[in-house]
Amino acid sequence: MTQPNLLSTAQLAQSLLLLRQQAPLVHCMTNDVVQTFTANVLLALHASPAMVIDAEEAAQFAGFADALLINVGTLTRDRRDAMLAAVQAAQKAGTPWTLDPVAVGALTLRTEFCQQLLGLHPAAIRGNASEILALANQATGGRGVDSLHQADAALSAAQQLARDYDTVVAVTGEVDYVTDGTQTLAIPGGSPLMTRVVGTGCALSAVVAAFTSLPGERLLHVAAACRVMSLAGEITARQVEGPGSFASAFLDALWTLEMTV
Amino acid sequence: MTQPNLLSTAQLAQSLLLLRQQAPLVHCMTNDVVQTFTANVLLALHASPAMVIDAEEAAQFAGFADALLINVGTLTRDRRDAMLAAVQAAQKAGTPWTLDPVAVGALTLRTEFCQQLLGLHPAAIRGNASEILALANQATGGRGVDSLHQADAALSAAQQLARDYDTVVAVTGEVDYVTDGTQTLAIPGGSPLMTRVVGTGCALSAVVAAFTSLPGERLLHVAAACRVMSLAGEITARQVEGPGSFASAFLDALWTLEMTV
Amino acid sequence: MTQPNLLSTAQLAQSLLLLRQQAPLVHCMTNDVVQTFTANVLLALHASPAMVIDAEEAAQFAGFADALLINVGTLTRDRRDAMLAAVQAAQKAGTPWTLDPVAVGALTLRTEFCQQLLGLHPAAIRGNASEILALANQATGGRGVDSLHQADAALSAAQQLARDYDTVVAVTGEVDYVTDGTQTLAIPGGSPLMTRVVGTGCALSAVVAAFTSLPGERLLHVAAACRVMSLAGEITARQVEGPGSFASAFLDALWTLEMTV
């Protein structure tokens, strides 16, 4: 297993510049709790969010969009069907799509659905250690999650997932790891306060989706997505005292980030 | 075609005063992304929002409410049926209803539904140039949207729509135009930062709905709705540096607007 | 009828300390408008929110969670069925569940559902005076709501409900009353600005749900939940000028509340 590398500041600046130039249209099929914050994060980065959720409309829209996000946080059977239609249309149109397997493992409907989605060529997967372990665990038919040391085990699981499904996996936590199964980057930074604002992880997945639409090396762009968010988190944490003011200052930090890279 | 006029400050003050006095109950059937911001915008203006979405309950509620908003941003088949039931109940009860045809034109389900709704006597329609062009285009069986110069074409389309359906149409952008097909008002102002905060347009439609409930000339009240939002946007843009702080300062500006008119 | 007592500062501090230590996982089945704010309020109090809404998943999750919230604000038939499945699973697992009967009385679907839910042993009920009166009215087959003086009548209705269903009822307004039908506590405080921020009442219900999971006397813990929110409201109202800045400052106040008790 290769040692994780750091992302260079030059690469970060280049990916962010490209994102702002391209201003991708990101089709978000995400959970009820984080819709507004997700849209505002994308807008602050000069991308365009669009939430289209009906099965037929979502399939139509996945063809126009530059990227698609599937987040199973508040899955229902109807939403599953609409998401599947959108993923299939995205594949057909060559639109990259990103999976956020929220709380996979514990709940049957989403676990089965995420396993099904793994076979449909996600461009990227973004989850926390438990989620990545749960995804990989079922994929390889194996071990219990709770008995493992999370950070190490999740990195190894992420690398395995990336190789098995030819995708880029971001496993996020105190340090984020981004891997294509061969190369791995470590992204430090962020702030503990980010865990006290709902939707920071889910919004990161939308940002990952936005960055998958860029030309160039996807592994580096996904790492840049993680670093953009962790950097904005660090800047914000120096300015605020609580999670309420964090949420709005974080959006301002994303908006002005080009000046600080 | 008559030249657009400006809205007088006296009329703006009168409409806003009336809104605060009447504090209308606005039944919002709107998209998933903007629910919270829409409710907070109405509350900041002393109106009362209520989101009731089940078909049967929505039909019951449309009878109690002072105004109804239909926003098709995250339409599904079930929501379409519930919205239709609410609009029919609103019509029966004499409750004015407002249409926000989000992304109409590009997506089949909502395009067909909005065309159907046009025949059900909306009190007002609020959309951006592309949406108003798409609505009018289908109504008159005609031209492609992309080849047109947006601002001019949308004004003309808005005037045609207003005449065809005996309604007030607000087409919003850098300058907003509000027309009943005979008279047209131009509403300048606002801030580019408003396009970086999700829901400002959708919330404006809810404010338009609130103002349609007022006694007096509807054209002027709808113009006042647009000006209330653009004025609060201007005030806010002078105070903040990014879209995160914009959203909360904007609500504060609406709350204190009576002192600045 | 006993006279309401005040909650002691010592009891408030003890309940809040216990909440932070236990950091309960609160399963929220709540309305579309308040999801984000509800989650952020729980996070600011060091609790963990989880919104799981599919009928099958919700029933699974109600077994893991420390508490369940049912809020009928944007009820649909599908959501009713999912909520019922979750409540039944919660009962089986011994997970306490809290009812927020938003706008009960006026609308048939939710009124019938809330009446059904009353028979399923809620640990707590949190509503405004009209809602508590409507719930009790149907339960006892009686009086019209509009003709009553709200505060007094609702207190008596709350006490009756608490006795009839062996639960704790919080009826909130300028002064909140919390009763188990025998003892009643009065919770003053808060701020009128709270009524201009959508979701403060709904989030209080989620906080009540969180506090029902704590060991010890439930009546006192529910009263502490109300006081935590009213105290944060008072602190916030001294710092801000409008409802937009209120929402974020309120979360910061909850986050730092341990220092001010």
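Read from first to last, the chains carry the letters A, B and C; within each, the first residue is number 1.
Throughout what follows, a residue touches a chain if its C-beta (ideal position, glycine included) is under 8 Å from a C-beta of that chain, and two chains touch if they have at least 3 such contacts.
If you're wondering where the values come from, they're calculated on a predicted model, not measured in any experiment.
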### Summary
Comparing which residue numbers subunit A and subunit C contribute to their contact, where sharing over half means same and under half means different, the two sides are different
#### Entry: Rotational angle, Cα trace of subunit A fitted to subunit B, multiple of 5°
120
### Task
Averaged over CA atoms, how far is the centre of subunit A from the centre of subunit C? Could you give it in whole Å?
33
### Task
Pull out every residue in subunit A that's touching 2 or more other chains.
32, 36, 247-248
### Query
Where on subunit A is subunit C touching in the complex?
31-34, 36-37, 73-77, 103, 106-110, 195-199, 240-245, 247-248
### Message
Going by the contact rule set out above, which residues of subunit C touch subunit A in the complex?
### Response
32, 35-36, 39-40, 43-44, 49-54, 56-57, 60-61, 64, 78, 247-256
